[in-house]
Every structure is written in structure tokens, then in C-alpha cells.
């Protein structure tokens, strides 16, 4: 199984640990990722929020580049995934737009991409039994709050799961042996791209989410998006919380369960340290 | 020798405001066989009709074309009009220059041009019209009532009161319908059972009313005046004649199943009656759960039944009833709120539907009338009601307003307060629709006398936190977000047609709207009739309705039927097919194709004594669809009023 | 009979010379390559092909599939009639002997008792240029009807290829006029003897007098039922046949204007003889097939002393279910003497 | 350019309703030229056009001896006849003809004539009867046996009464099925013909009607002693052109239109 | 001050939004579900349903000058839950785009600024380099010194690189798409 | 597209659904092109392909047959027969040299007045784009 790989700006530097763990886990599971040479920023929220042309041009350019590598594209960042999928959906359904966009990006995208999040790849392309066979270190005793955020589940054309009660991540965590909590903040917004721009948003939004996870006695929060990770991880110091909660990429948890080396997953890059908790649970 | 008169209506300014009616009338005079034309302000009015009558007499007209509104509105009016001057009603045609022209086109010249063309079309057709003789159909003076809810019961009683027989077919083991599930009823707050039970008893004891409970319609054939109904009486396993309704069997039965009647709020036994006042008060065995019927062991109920009424060998039975008219009174279902993920999608036990709430507060309900939380059995102190769940929502539900939820929610806040004096009720609403006698007053009372807090805004999300349901909504009047920790949340779910409404409609040839509510023949002028002759509507199967409306409609439908039954013969339009036997080649094609099985083959002998088979149409079965015509290879079938000649004549004017 | 020896250029020039006054029709492959038929062309640029027989027969030039007979206009109770304009002179190239031979049949019929001007006018207005055919296919049987596929005098002009050049024979006065008018310095040849293919033998010989005898002898032969079993009454044979001439008359009107048309009809169609009341004297398929055969090989002979068939083979070639008139006639000619064989 | 298929225009002068499905039309040719050309004899037929609908064939029911009227009787049966029935007085129609052969009026001179008609088949006979009545001296006794399905289907009722009162003219009217206050004979035409039994001596029988009836009438006549040569029948056939071209009416080698309809 | 309604403004704005994002403003029946779910409602001067209402009434200027359109995080909860199927988030996007295009005085300072520098990074380098983005943004923002302390931690954790030569090679293809005003 | 060409459209509408839909369009004052004439028929099952052929011959540029949704036929099955018939007939039209796009069949219920307007508008657009239908040539003087 081979995918074109679009890491996106966040995974490039800021959240390189997500990049590392994604590559490691997928390699372990037999999925080959081929990074798209010369990929661009997808424009993130900034583009569609402020410029109608860039909204579709940037994702389209990347899609055009990607399909030259492979029609199947793996996108781990929820924000990038959202942009690429939304644009792709528009292009697939609007020939005139496709023509226009192709002209402006001086490329020829045909609307033939299949864009997937690694979570989908793991759950839909691989057999459950094969996956469970490979688990060497089940996440027993670990209580995980699965957090999906906005962009993985909205809108329908870009979503990877149900908008109100997604369960993909929960299913994976359960498969790995972890207990997942039922909570009301799975799909609440954490502040998205406002990390730097408007800290006030993050403190308020992420704070509520963290609080509910703490209330539900979660050991950690599993995420599948670098933005969510940063928002939940970065400012815990400045929030009014009973305790700090480690935020872990699902790929990191999966990596641990698959027996990958702790250090190779670069978990220590997180601001809120997770090692102590993981040691306690016997996962390191 | 066709001599046609053309009558162009102004319809006030409805037509004349757009279409130059004088030009239309003038142009009409040039059309083939048109000898007279005129215009008038309101052709359908008395003086308008006089204009027509006079013209027919003075000009010796033998057919007329009225260019006015749609034939569906006044076709009959003008038919009747010319009948009074001795012309066959079938020698008239209408050109719809209002609905199909002046109202839908903007440019006056275009509209006038089109009106002329429409008149041309109609004059061409009318030329080929034939003076048909109406068919007289004998009327079987018994009515079938499908559905034994309050609407069905009321209409059966009214029909019986007029001295005719009514046959109720109810799919559940007991009649009563939704009303039997309710506690008290708005706007008077009288107890549902207290007003329903006497009716149920009455209908059970009335010798003119036959109840087939636990039965389904299999098939209906025939048409107005003489329908033949096949009813499947499901095996009840308890003899209706022998059972005394003592209830011992139910008591002793070891199997517990979720109760449908109590909406899964409690359990019932494998042998049970849905509720204590059931009519007939005879239990049924649920064959999917009865141990004897599934595993062959147990047999307790048979052993304990003193009357010897339990019979495990019981079989489904087909009954044939002959009736002259049918009332559909199948009521409604409730929208399943599972679609609303943001309201928990059915995951939160303390989020219930309005109807479940009715069962909760009902003294004979699963909790004996105590309002308790399903999660922990505690008495709620804060109850949030959310209106319009599934209503007025094209995205997840239905676009229409369910009409009664505003009212029953208000009722439920009152009842909640009566049951739990220190309860606080909140109601999230978008608009309050309380149009009815004493309805607005009732809602106001809920707010003033019972302290229900009404918040204008839709709830965005519910989630569980620390044993409570957090209700995240908007008070649009305040312009602020509100978050209410509730102990119990009640969703006023939309009223939707019965799940099987569509299948039933297709079986009996009822027309229905996009939601599967049954269509009235005309929204204002024929609200209780269906387009299919002989079928009437009552209650919530036509649209969301409360009890007073359902009962009013039921009585209206009954009155219509009594009117029909007051005659020995029903005179109907002879729009039926006929075969020109001389050219029929007996190929059988038409026999196979007729959806109403109206065509059969007969042997004819010609003068030389040679035998051959020819098709014949049974005019009381033929509905006049015309499907057989294009299929006849020798084109020897004709359909009255829609003859090939007539349609050709229209097409030829294009 | 005058014969000219002409080069290809000369022939082409001869026909192009008249292009101003005549509509020029040449046999060509139609777009889909399926059908070979006469089509109008502005100019001829190469010699017409000689060996493929057009699918539709020559009759369409005098007796088209559908033609208006006159037009009318209605105004309330009044009617005004008018005639269609006269036809344009036409020159039809590449007509095979069989088709040329068939024209006699139509002429006889349309002239009989009263003269059909619609037919006559078109016939008179058309110059027919025959061409020598040397590629009879499996269905052709013109020779059985004593038609020479290599040469015919039934048209106006006739072309026979000779080495690199062509012999142009003048076979009618109309042809003569044409040549006189448009041929520039053509070289006549003397002593041209047309080729004859009548010697080529078929697998069986049709003895038409014998066939007629059998037909005369009785109406009710069991063979008809047998022949008809295959036939699906599609009518293709009658439409393509150069001698079949039954037509239907009907009105087409659009509001107050209209016209009376005639169009091909076919005795193979059940409705052909059905009367308004429903009675149909030829309701059985066998009766209709018999009508076609009797009409061609008996009635027409009785009435006009002509066989209404030219052996062009179209009915055989194009019949969707392979009804073969030759085989049927063969059976028929033997069934008379030896009784029916099975 | 004109052609043989172009009809003369004619105006409907008068329409007489004979039965529920038969009407008689009195026509007048519009153009005086065509009036001159349209010369017919009893037994001939013409093509009657309703423009925009089509043409249909009808016997001429009037007699050339009364040149002021040209009449056709039309039974409503198909498309064209229905259209004809809808015509008004004053409408213009087309008429083409006369076509076909005619009754051999010369050979019939001096003979007794036996007319046997059924239904609308009386139309061509009426032409000849009136012709004979107008040349009364030339012919012998007349006997008419005429029948229809019901009393309502009898055509030319007024004339039938007149004929009945005419001397040397025996009229026998019958119906297959009685209805209303019918007081006349009931029975099939061939049967009644047998009962009436007109003498075959110096007589010629002329018959027209539905094919079935003709079949039995011919049988009956030969039993009465009529020789084949003394029986004249006229045939109805589906025709289009009337000119022996369209092929429709071809029976054997004959075309009913030009070789018939009188046989 | 009371609002001025005019039928032209109403019609014009309705048409403008319909063209921009396909939303028919008239469909909104003001139930408030969008606002109730909205992540940022607590920071907004106008809640989403009020924006919808203002838009219905042609109050273009008020919306463009609002702070609400900038604090919207683009989470699309509003669109996902609107019973009339209105893509409210797209309407908000449209207003932001209009605000940028028309150079109005924004109702919020930092957020639009951030978007500008973000896109500048994309324009000039194809990809976003954290350090220059942070630096540029912070220098110009209203709170230049906030989170200054986080810097070393981020650097230490490798969350920010001092030198980042990331650059998509086809950058030039895209340049002309950008109409940035930085 | 031919300039200034207004197609002549004919609708054969079932009396139980589409005709009522057209009535409703009127009641709701919806607006659609005036160049369609609606002929009322008892059921789409009544439609003889000959009517359509006739319509084309007589100058219709497009024919719209509209009936009840599948399963909703007032006569239970007429629309199914019609659908099959139209399918076959379209092939035949093609064979006869008519553009089969000039004939469409749709389902419009009594409540779908908006759909009706859309269908008519679209059809009008298509036919306008296609230009006039070849017409029967009548002889001229």
C-alpha cells in the first residue's frame, strides 16, 4: 500500500513529532508514504478566511502535485485535510471552477485524488485482526479522552466520521486496550488557528475541553491534528486547571502499543510532559 | 354537427389583468366550428352561468369551451351549468388560462398569445367530445375504517348512528390509538382515558360496528360503492370468544419484553394486553418471544387459563369484507430523534420524547405516574423541553410545523409542575403556535401560573456532565448563550406519518404528499376526501392534528359517507374503456396490462358461427387510466373522454 | 444507336457540363458506410463506381417514398387548392440494367387507364445513365429475367468501360438530345457489340411461364403457408423493390395549411387491406405473401404482359429473415407437376 | 401542373340525417367547369375528401337523371367518415371521380329488376332505382328487398315509403332485430328474399350489402332460379386512389376501383 | 442610534452573498442554533444569528466593522447544525473576505494581521516558517510582548527552528495569485 | 443557438399529479416560460407514442411527458408502463431521425410546483439551445 504524503507546515517543524510518529507507525503497518516534493502550504484558515481565490488555488496546487506521486494521498493534519478535501469536493462537482483554478495554478488537476487521514488508512485499509496481532504492548489501564475537534468531522464533505458523535478514534484506542471516556467535548472547537493570533480564544476554548477531560478522569487526551495538539498543549500553564493533562497524538499511542521505541517517537517534544504518566501505566 | 361557444372569463383582474380577454374571444371565433364567443367578469358566478345558458339557447350551441381557471376547480361547475340547458355535461371543456397562463407568465402579450393557443386546444378537443351517459353504480352501504384511533372510533360511531355498518380494522391488539397513550389533554386538561375509554366501550358494544383488531389490510379491490377488502387477522393465540379478560395468563407468564405501548419505558409479558382498558380486552401472544411458540416449552398461560382460551395452534386468517366506502384514519408516528447527534442521538437516558413523558406522568404508566429519571430513578428538579425536534428542519427532519407540540409541551410543563411542585421547567421554542380556542391562554397559563420559563432559541447541543444534561442554547431575545444543567430533557419530536402509510396508500390507491401524509382532494373545499373516489380521510394521517381536529374530521368524513349511503346508486363519470369488438384480434395484451384487471376475454360468435375471442372491459372495475389503449396493437380500445380522436385533435393544433 | 469512345475526363466533363440545368445524382457510400445510395452532388470529380447496386432502387426518382400530391389552405368553410412546383431536371448516373428494366413495369402501371402526371413528369424530366455491371452477387438473378447486366437500352445513356476509356452508348432520344447539347468533340466508334452475361448459369433455372401456370392453377396451395412462416411482414422487400408500387394516401395538416401526400405502402402490412369496419380480406400472413408473389408473376403478366420483377435481388439481399424469392419460386414451379416435396 | 389525384371542390348544400350513424350529403361542385366534367352513371363511386383528414370512397347515391343533386350517403365508421359526419352545410369538401364501372343500364332495359340491399348497401341501389323510376318505361317490374340490423338503421325512410306507394314496385323491408314500435317484418334479408320469392323469369337481381349477406343472397337467388349472369353485385373494398394505382383494392388481377365495383 | 433599512441595501447584500457563497440569507429564520453552538460566541460583539439578521437587513458596514467576523474560528459548528442548511461559516468567510478586499477598518487588530503574515510566508516561501511568522506578527501586534517567555521553551523543544530554508520550488507559479498588502 | 428562437413545447401532464402541480404553480404565482402548452391526460399510461410523433410532426420542438412519481401512480402502474414505452420510443425517435433529447419524461407530483418550474425552464433552455425541430415540409405554390 502506497500513499503520497502531504505533511503540511505544522508537521514540518512545529509538530514534527507527529510527522515522525505517523511515518513510523505507518511504516510498521506496511504503508509506504512518499512525501510530495515541493508541496506548498495549503493556506490553512488564513486563506479561506480572507481571500476567495487562494481558498481553492493553494489546495488545488497541492493536489495537482500530489497526484503526480500517487492518487491516494495521506494527510495527517486535520486542517490541511479539511482544506484539501473541501476544495477537492468543490472541484469534483464544478467543472467550470476546475478549469479556472487549473488556469490560475498553471497546472492540470483532474479531480482524481483520494484524500485520507492516517486514521482512515489504518482503520479502512488494514484488517483489524492484522492490526491487533501486531500489538505488543496493549494500553491497558490507560483512560483516554479522544478529541476530534472541528475539522475532522465538519463539514460532511470533508468529514472522516459522524459530526456529533464520532467514534473512530475511540474504536482504535479500545482496540489498543485503552479505556475511552464518554464526554461532551469530542467535537468542540479548541480555537483552531488562533494559537498565536488570539490567545484569549485558546485559553477559553481549550480550557473548557481540558477541564471536562479532567472531570472525566482522563489520563491523557488523544488527538489527530497538530493544531488541536498545540492548542491543548501549549498554554496549560496559563489556564485554571486542577491538573495538567498530557496531550498525545494517536500515532504516538499506537506507536507505543506496537512496541516502537519511546524515544524514537519524540514524545518528549510536548510541552506538557507525558513520560511520567506513561511510566506509571507501564507503557514506557 | 359541432357548434362550439367559447366563454372567456376575466376572473376579476386575475385573468383580465394579464390576458387581453377580448382578443382571446375575438380570435376564438376563427377557430374551427366556433360560432360564438364572449367574455364575462366571473363566468363561474350565477350571472356568468346565465350568460352561458343564454348563449347555448340562442345560438343553438352543442358544445362549450370555458377559458377560465383550471378544470379541477370549476370543470364540474360548467358541466352542471350546461346540463341545466339540456346539453350533456361531457360536451364542455375548459382552457386553463388562469393557473396555466395569467398567473404564471409575466408578459401580457405572451400570456394573451398562450391563452389563445389554449383555447384553440380546447376547442379542438371539444369538437370530438361525445355526450356520455353517466354510469350508475350500486352502493354497498357499509364502511371500512382503517385505524382505530380516536378518529377511527369517532367516524365508526357516527356512521353507526346513522344506521349503517362500520368495520374497523386496527393493526394493534386494541383500538385507542395514540390517545390511549396520553395522560391529560390540552387545553382542558381532562384525562385522556376518561374521555376515550367510554368511546372505546361504545364502539365495542355497538352492534353496527365490527372491530377487527390485530389485523391488517391485505388488499383492496373494486371502487367506490363496492370495494372488496381482504383483511388479514393475525394469529392472536387467544380465543376472542372464550377469553374473559381476567389477566391471569399475563400475570403468570415468565417472559418479559420491552413494552411498545410504554415506548420501552417498561416491560410487558409475552402474553399481554397493551393497556388495562384495552378493547377488546383480550391479550395476544407475541410469537417472537413466547417460549412455547419459539422453543416449544412453557405453556404456562394455557395451563392457567380457566376459560381455555389459549390456543397455540392459532393461524393467521383472511377475512373478506365488502364495503361501499373507506375511511383512512391511521394516525401518525413520532419522529425518531436518533438523527440528532447533537441531542445525544439516543445515547442519554435522561433525554426522552414527549410521548415517553406522557407515559411517565400517566397514572397507569410504567412509573405509576411518578416523574423519575431513567438513569437513576431520581425526581428531576429541572426539566428542559425542546420544541421543534425534527419539525421545521429541512436538514435533519421535516420542513413542516407539527402543529401540536407547542401545545402539548405547554401541557407537560403544567403537568410536571402539578406532579413536582418545586420543579423548574424551561422551554426552548422558536415560535409558539397556539391558534385555537383557548390555546394561547393555555400557553400563557403555563408561563404565568406554572412558572415555565420560555426561552426563544434552538438548542445547539446536549451533553452529559456530572450526572446532568447540559443544555447549550441561545436566548435570541437576550442575544446571549444560555447553558442549563437539566435533570431531564424532553424532546417535542415531530409528528410524522405512520411508517407503513406509503405501503397502505399504494395498496388502496390513495394519493399522498412527499412526506406520506394522505392528500385531501382539495385543501379548502374537500378536506376530508381523497382524490380516489370513495376514500375519505380522518385524523392525523392527513397532517399533524390534535384531538378536536381529528374528531371534527372524523365526523365530517362520516357525514360524507352517510351522504353517499343515502342513495341506492351512485352516479359516476363514465370515464371507462371499451373495446371495438370487430377489430380486436384477441391478442390478450390488454388483459395482462390493465392494472385493475378490468379486461377479460370473451368468446364471440359471428354471423357465420365462427368463434373468436375478444376483449371486454368490466366498466365497474375500469378506472379509466387508459394504459391499455396504446398497448392494443389493433388500436381498438377506446377511453371515454380521452379518446384517441380527442387527444389527436389537441395535438393537431400545436 | 450511336456509341462514343470517351476518356474519363471527357465523361466527367460531359456530365458536369449540364450541372447548371440538372441536378446530378451519383451512387455513393452514405456516412455510415452501410448504405450505398444515390445522392445529390454539385460536381462530379471521378467516374461513378459501377459494381455496387444502390440499396434503394431507381424508383425513388419517379415515385419517391413520400411526395405531396397537392397542397390546400382552409379558411373557415372555404378551401383553396394548389399544386407543388414542377420538378427540377435530373441526371442519374450509374443505374444498373435491372433497375433500368424495372422502369417499364412502373411506366405501364402509372400510364394505364389514366396517366399519372406525378410519375410522368418526373420520368420525363430525368436522364438515366446506365452503367455496365460485371459483379453480380449472390442475390442477383437478373439473367433469369433476361436482363443483361452488362448492357441495357432501357435508359437514356449507357456507359461500358473499355480498357482505360469508356464507351458511351446513346439509347434514347432524350439521351441523344443530351449528348448533342453537351458533348464537345466526342469520337464515335462503330461496331460496338455490347457484352452479354446471359450465359451464366444459376443453380436452378426459373421457368416463369411454368410458374405462372402453377399460379393460375389454384389459389390455395399449402406452400404459401410454408413460405410465410418465416416472413415477419416487415415490408422491406416491397419498399426496396424497384417494381413494387403500392402507395397510401394521407393528409398532413398544420392548422389551416396542409397537403395530401402519397407514400409507399406495402401489401405485406396487415392494415393494408383492413377496412374501416374492421374486416380484413387479407388478415393472414400467408395471404399477404401470396398476394405479393401473384401480383408480380401472375396478375401483372395478365394485365400488362410484363413480369413485375427485374431480378435485382434486393428483396433477397435485405430480407431480415432470409426469405428468398428464387427458392420459393423454385419450389412453386416444381410443386405444380410433382406435387409438394418437403 | 395538376394531377389525377386532385379533387374538385364541392360545397355541402344539405345534410340529411338518415340514421344515428348515416348521413346523406347533397353536394354542389364549386366550379362550373368541373360540373360539366363530372358525369356519372348509377353504380359508380367517387372519392370524397375532408381536407386535413383524408379521402374515403363512397357510392354515388343520386341519379344522373336528376342533375340538380349529387348525393352520397356516409356511414360513420372510421377517421374520415367521422370527420365527414362533423361537417356543416356550407363546408367545402373535395370530390374526385366518378370512378369504376356502372350498372349496365342498357342491358337491363326491359327486364324485371330485383334489388336486394342491406344496410347502407342501399345507396348504390337507390341510384339505380331512381334512375329506373325516371326512365320508368324502359324497365319491367321492380322488387326491392331491403333490410337493416334494426329499424333505426334503415336509410332513406322517406323514399322507402314513396317507393312502396309506387305502382309495380314491390318493397319488402325487414329488420334483423325489432325495436320500438316496429310493425314490419323481422328476419334476415336472404330469408325474406326466399319468402318473397321474386320470379327469375326475365329478371336481373342487383345486390349490395355486407359481404356475408351477399354470399347468402347469391345462394338464395340461384335457388330461386337466377343464373349467375343475372346477378349483379357491387363490392366495397378499401381503396385509396380510385385509379388502379395504389394497389389496395387489388383482388386477383382486378382492381375493384377500375374494374368494379359492379360485377 | 436606530438602524436605517433600505430595500436597495437589503436586495444588494442578499444578492452579493448569494453570489459569493451560494447562501440565500432570506432562508434564515433566526432560531439561534448557530449562535448557541458557536465556539466563539462568548467573544463576539454580534453572534452568528445576529450577523445573519444584520445581513438579511442589508447592514453591510456594521458587519464588516465587527469584531465577530474575526474571532470566528471557522469551526463550522454553525453550518453543521443549522436547520435550514445554511452554511453560516461561509457567510462569515465571505464577510471577512469582503473586509479584506475593501480595506475597511477591522473590528479586531491581531487576527487579520496574523492572517496577513501567514499568507506572506506562504507567498514568499511556499511554506510557513514559524520563527519569521511569529516574529513579524508579534512585532506588529497589539501585544508584542505576550508569550515572549514561551520562546526559549519552544526553541528548546524544537518547535521552532532558527534557520528554516523550507521553500517549495514552484513558488513562482503562485506568486501572482497573491494580492497581499504587507 | 438560433437567435430569437422560442421553442414550441408541449407537455402531456397526468391529471392527478403534474397537471395539479401546474395548477399549484399558478396558485403560487410561480413563473415559467409561456411557450409550453399543457395537455391534460388521464395518466401517462394513456400516452400513445403516436401522439408524441404527431406533436413533433405538427411543429412541437420539444415534448415533456410528466406523471406521478414511481409508485405513486393514481392507477398504481400506468407510469411504469409509460416509462418503459418512452424508453423504447426514444430509440425509435432516434432511428427516425429525431433528437431523442427533445422528448423527456419526468415525475412531478401535485405538490412539486417548484420542480415543475425548474423542469420547464431547463427543458426550454435545452430546446432553445438545440434550435427548432425539423418540420414537415408542405408544398408551396
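Every chain is named by a letter (A, B, C, D, E and F) in the order it is written, and numbering of its residues begins at 1.
The rule is short, and it goes like this: a contact is a pair of C-beta atoms (placed from the backbone, for glycine too) under 8 Å apart; a residue touches a chain by one contact, two chains touch by 3 or more.
None of these values were measured; they are calculated from a predicted model.
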item: Touching both subunit A and subunit B (chains); value: E
item: Number of steps on the shortest touching-chain route linking subunit C and subunit E; value: 2
item: Taking each chain's C-alpha mean as its centre, the one farthest from subunit E; value: D
item: Taking each chain's C-alpha mean as its centre, the one farthest from subunit A; value: D
item: Innermost chain, taking as reference the mean of every protein Cα atom displayed; value: F
item: Centroid distance [mean C-alpha coordinates] between subunit C and subunit A, Å; value: 81
item: CA centroid of subunit C to CA centroid of subunit F, Å; value: 41
item: Subunit D and subunit F, separation of their C-alpha mean positions in angstrom; value: 47
item: Residues of subunit B whose C-beta touches two or more other chains; value: 342, 461, 652-653
item: Interface hub residues of subunit F, defined as touching at least two other chains; value: 58-59
item: Multi-chain contact sites of subunit C, meaning residues that touch two or more partners; value: 70, 83-84, 253, 258, 274, 277, 279
item: Arrangement of touching chains [line / ring / star / complete / other]; value: other
item: Contacting chain pairs - touch in the sense defined above; value: A-B, A-E, B-C, B-D, B-E, B-F, C-D, C-F
item: Contact set on subunit C toward subunit B in their complex; value: 76, 253, 255, 274, 277-279
item: Interfacial residue positions of subunit F with respect to subunit B in the complex; value: 8, 10, 15-17, 19-20, 22-23, 25-27, 29-35, 37-43, 45-51, 54-55, 58-60, 71-78, 81-82, 85, 109-112
item: Touching residues (chain side subunit B, partner subunit A) in the complex; value: 340-342, 345, 347, 461, 463-466, 470
item: Touching residues on subunit B, where the partner in the complex is subunit E; value: 342, 388, 392-397, 430, 456-461, 472-476, 479, 481-482
item: Interfacial residue positions of subunit B with respect to subunit C in the complex; value: 30, 32, 580, 582-583, 636, 652-653
